[in-house]
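Okay, handing you the structure first.
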Amino acid sequence: MIIVLKPRTSERDIDRIVKRIRKFGLQPYVSKGKERTVIPVIGDERVLENVPFLSFPFVEKVMPILAPFKMVSREFHPKNTVVQARSLSVGGRKLAVIAGPCSVENREMVVKIARAVKKLGATGLRGGAFKPRTSPYSFQGLGEEGLRCLVAAREATGLAVVTEVIDTRHVELVARYADVLQVGARNMQNFELLKEVGKSGHPVLLKRGMSATIKEYLQAAEYVVHEGNDQVILCERGIRSGVEDYTRNTFDLVAISVLKELTHLPVMADPSHATGKWRYIEPASLAAVAAGADGIIVEVHLKPEEALSDGEQSILPGKFGSLMKSLRKVARAVGRTV
Amino acid sequence: MIIVLKPRTSERDIDRIVKRIRKFGLQPYVSKGKERTVIPVIGDERVLENVPFLSFPFVEKVMPILAPFKMVSREFHPKNTVVQARSLSVGGRKLAVIAGPCSVENREMVVKIARAVKKLGATGLRGGAFKPRTSPYSFQGLGEEGLRCLVAAREATGLAVVTEVIDTRHVELVARYADVLQVGARNMQNFELLKEVGKSGHPVLLKRGMSATIKEYLQAAEYVVHEGNDQVILCERGIRSGVEDYTRNTFDLVAISVLKELTHLPVMADPSHATGKWRYIEPASLAAVAAGADGIIVEVHLKPEEALSDGEQSILPGKFGSLMKSLRKVARAVGRTV
Amino acid sequence: MIIVLKPRTSERDIDRIVKRIRKFGLQPYVSKGKERTVIPVIGDERVLENVPFLSFPFVEKVMPILAPFKMVSREFHPKNTVVQARSLSVGGRKLAVIAGPCSVENREMVVKIARAVKKLGATGLRGGAFKPRTSPYSFQGLGEEGLRCLVAAREATGLAVVTEVIDTRHVELVARYADVLQVGARNMQNFELLKEVGKSGHPVLLKRGMSATIKEYLQAAEYVVHEGNDQVILCERGIRSGVEDYTRNTFDLVAISVLKELTHLPVMADPSHATGKWRYIEPASLAAVAAGADGIIVEVHLKPEEALSDGEQSILPGKFGSLMKSLRKVARAVGRTV
Amino acid sequence: MIIVLKPRTSERDIDRIVKRIRKFGLQPYVSKGKERTVIPVIGDERVLENVPFLSFPFVEKVMPILAPFKMVSREFHPKNTVVQARSLSVGGRKLAVIAGPCSVENREMVVKIARAVKKLGATGLRGGAFKPRTSPYSFQGLGEEGLRCLVAAREATGLAVVTEVIDTRHVELVARYADVLQVGARNMQNFELLKEVGKSGHPVLLKRGMSATIKEYLQAAEYVVHEGNDQVILCERGIRSGVEDYTRNTFDLVAISVLKELTHLPVMADPSHATGKWRYIEPASLAAVAAGADGIIVEVHLKPEEALSDGEQSILPGKFGSLMKSLRKVARAVGRTV
């Protein structure tokens, strides 16, 4: 940590802050420059995290040096973590492809979609039973009945089930049915939910919040891993940038490359939510794989125009098939397989 | 709702969409222009909300006309709602001033602060017992013990207690102690929590999410009101704009004026989180009142440099006193009292 | 400047960077921590500004300590600068009020508006002769004829003329007619234009770019002052935040308080562009003054619904009169006059 | 265009607006719904662009239907435009690769770099002679001497020269030396410069502004094409999103796919500025090509750690060579060549 003092800070004030730092067992090095005095602090600065140095009126700024996450970092654990859940494996050379409807609408539909995407190469099945919807008037999901439909689809295809959990009170219930617990973008900083899915021991797919920095995202993942659960899949799904006039969000693809460097956790991409429009899903998926993603999660529906949610960003199985074909070529070009 | 079709859409496709709309009991008016066919739909378009017209490949865009919220809107309820909770009244001519520490650290401290701010004119007491923290290594709050401290402070001063709830499982517990349940910015779209505080019947202070549009914010409030609870206080607390290099967030003060026009719910401002620096709290508070805020919520601490959270944005009681003085003058200038 | 090295950087590499720094006459203090080596550099770090330390693969990050601007900073020049141009004085106790049409449309109209706003208390006249328009199909301004109309209005009222210059080739021409040269938001980083208006010696009103940080904004102002011209008025006019669904931009009012602390230059506010809607101009103006603005610049039109540009954010003289009345009250509340 | 009126708008007001629209020769269709009256306007709505309907107090919102650009749109000109300049061809099946230093520092250096990148497959040479720098204290470029160095490099290699022009007064000069005139991100809305490069008839590489929407970007391109010059190359170079903590900007790769759909102009990608860090340039480049880019423009330097600008995002020729190798594979996977 580096503490920068305002010009003309008195010796007495410098002394106060030096004593404060030493109290925590750390070593401050006061360096007096022409315009500013700066105090680099040597030692594990994380012990100072809760100290509000800025509340001293003579402190100008405080700059942390270490990243604020630990167990998720590559320095802590250099080798790639591979998350496994039945048919699904994320983080190895082979790309993961999770496909399925936005919401589970009925048993027949989800079984049909699961069969279709399985045949075309999907390795996991997605589908929402509990839906976080912006409006209270939108379809809120089938709840436990939806989970049962997903299990039926798993029985029919062997595909691992990935489904969202939106309430700490549902974690146990959802974990009873699902293979991977998804925490959605809006809940990325629902810390109680993060702790609870961490405790569940179940694999977790944690989506990036739509205005989260990389640092905040990795701190959210740290919450899960900190509970003893390192089976965490990260997933970039688009951010809000303020310039998106033709897409739902801005797909931050380089974040994937950055995350792959900073953390050992696998990183997927969600082109459906990132773009919000079915016609950009293929180029967005290819770009994600080229940027280093460990897989994609994509919305597929049999009749997008009748979907109860996200129809405008769902693709038909036929389109999913041609996406898989293109994906295979780009994967090979970057040394991966599908 | 207006549906815009792509150039050269066939009569057959126009017919398909017209039938789809009529099925919902609404009236489409097909208007063929030189470059585009547009279809205004007359009737309560909210019944079409779940229909993904964009999934038809010949649909170019879909533009809603009505706001996606109803019970919180001024059209629905033209008169100002005044939220009442013991000493606290928000939405009338007199401004509400809620003050107190970021986190409750111990009983003595919170009682002392409550006494100090009460004497200087505060009408409510804030303080966190359950804390949503970005890092799992940060102080997470005292939990129920913190709630007991707040009650002790209320007994000593009569000030209504405003405290955050971060988990659906805690709503009942927190409601047993607190007068107003706060839902924080990171939980603005934690829809299960919104429903639960709605059902509690307790007054709710709902903060704006840091990348939420006005529309999304009012839809979140609609979740609470939709459960039969119209005792909702809104609170602008700063957004993430991408240009904040000297403040923690960007204080979106005009949002207050916009909200006051669109909704009957009272609107407060949180200059502490919006700026993140104690030295901007006074001008930010005055600006909020000038923009039409119904009150402010501000962090006060006896020793900011030792606070377990948010010390850099907390002010001393002395500074709070001078803030109240300035606030009084600006309030009078805009026809309000403190 | 603080240079942070990656873990396990070799002694040889540390040595390379130390030598590099010494070559510039500065003193590096190598501090080896448990996890990172950091090198605070003492001396005027601005000499290192052009050195890309990050291109060394063993450098993790580089953190500047000093602000990257100098002549505009309050440390360099503690006293407020007051900019004077005929009737207009910006930066003193009395607030400046610059009013007028977005575009100059004809002589009669601008003279009429000037007379109306003068009578109601304006101290400067705004009006665009050269217009930077997003679309090539929009009205581009009357050019020199527009400047002549503005001069006619000045002759009729004595109001100082503030008008935009959008091309280095026009600076001399515009300076021949206008009292204050405005550089618009889109040209905030048109560095050649900044140099040219700097050289002109004319007072300059420099608007903040819509995605400019405070630092970038002050560096832009530094370009002008660096040419020997310290008659610079800053003006916050709204930023693009990504959450503006009911306003044109997000008015960053706390930026005004921050700027007043960092620089000696006067700071105005433009509620017309910041909100984009006439009905928010009054609360936005009052908030700006409460936040510490030295004045406002506001669009007034006789027939907004026929204006050739910005009609939706222009107010009628009557509304301007009642704005002045409210402004007077808030100004008094914060120790200013109008 | 659709005009939405406020609830309870009087017949008289509806009449006023209907008359206003008819005056422009367009046909309004008044549709009275339960909650709102909406008026779709049939005909070329672009004639209404300058009419501020929102200034009528009874108008709630105005929604354009047509895109605000015309000559750059694919509807207007369905076939891909291929921009040609000596060795450089952008928009065909073969990808363009423009490489070179950020700034031209001296003749020897630029000739060496040109030779190196030519040998490795570059088809164009970049290099700045006039530099737009955030700080007046940064290196501002060699000016005309820099242009001469670039010409020397072209003579040595045959590579087309792409260089930035930052002032309307320099367009003629720069056009005398360069093959392609670059307009930088900060000048994307410097409309006078756009007109001037349009008039020059020279091929133009127009970078996207860092907070520009797609619409604004295409309107900027329309300025150039409107002057009769359709030799315009677009280039996504990263936007400011507010969440970039590990990169300089956010690379908006899906914008490339969107642009390729909306316009006939070729679209390149600048991974150097978009990421700001040399270690992300390869994945970002591959992703750009996978997303449909017609080529990349990348900064290469012989000694990045001594570069006078952008050293941290420049790569060595060796790294450029391996980038070209990877690029070749991904290009093939998406049906392109390098």
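Note that the chains take the letters A, B, C and D in the order they are written out, and that residue 1 is the start of every chain.
By our rule, a residue touches a chain if its C-beta (ideal position, glycine included) is under 8 Å from a C-beta of that chain, and two chains touch if they have at least 3 such contacts.
Keep in mind the model is a prediction, meaning the values are calculated, not measured.
Undergrad: Subunit A-subunit B contact: same residues or different, taking over half shared as same?
TA: Answer same: the two copies use largely identical residue numbers here.
Undergrad: Please tell me whether A-C or A-D has the greater number of C-beta pairs in contact.
TA: Of A-C and A-D, more C-beta pairs in contact link A-D.
Undergrad: Which chain's C-alpha centroid is most distant from that of subunit A?
TA: C
Undergrad: Where the centres are mean C-alpha positions, what is the separation of subunit A from subunit D, in Å?
TA: Taking the average C-alpha coordinate of subunit A and of subunit D, the gap between them is 31 Å.
Undergrad: Where the CA atoms of subunit A average out and where those of subunit B average out, how many Å apart are those spots?
TA: About 26 Å, centre to centre.
Undergrad: Centre to centre, by mean C-alpha position, how many angstrom separate subunit A and subunit C?
TA: The answer is 38 Å.
Undergrad: Counting only residues that touch at least two other chains, what does the list for subunit A look like?
TA: Within subunit A, residues 211, 240-243 contact more than one other chain.
Undergrad: What residues on subunit D touch subunit C, complex-wise?
TA: By the definition above, subunit D touches subunit C via 20, 46, 49-56, 68-69, 132-139, 166-169, 186-187, 189-192, 210-211, 216, 219, 222-223, 226, 240-242, 277-279, 304-305, 307-312, 314.
Undergrad: Under the touch definition given earlier, write down the residues of subunit A that touch subunit D in their complex.
TA: 211-215, 239-247, 250-254, 256-258, 261-262, 274-275, 279-280, 283-284, 286-292, 326, 329-330, 332-334
Undergrad: Flag every residue of subunit A that touches subunit C in the complex, lowest number first.
TA: Interface residues on subunit A, with respect to subunit C: 2, 4, 7, 29, 31-36, 38, 40, 42-44, 63, 65-66, 75, 240-243.
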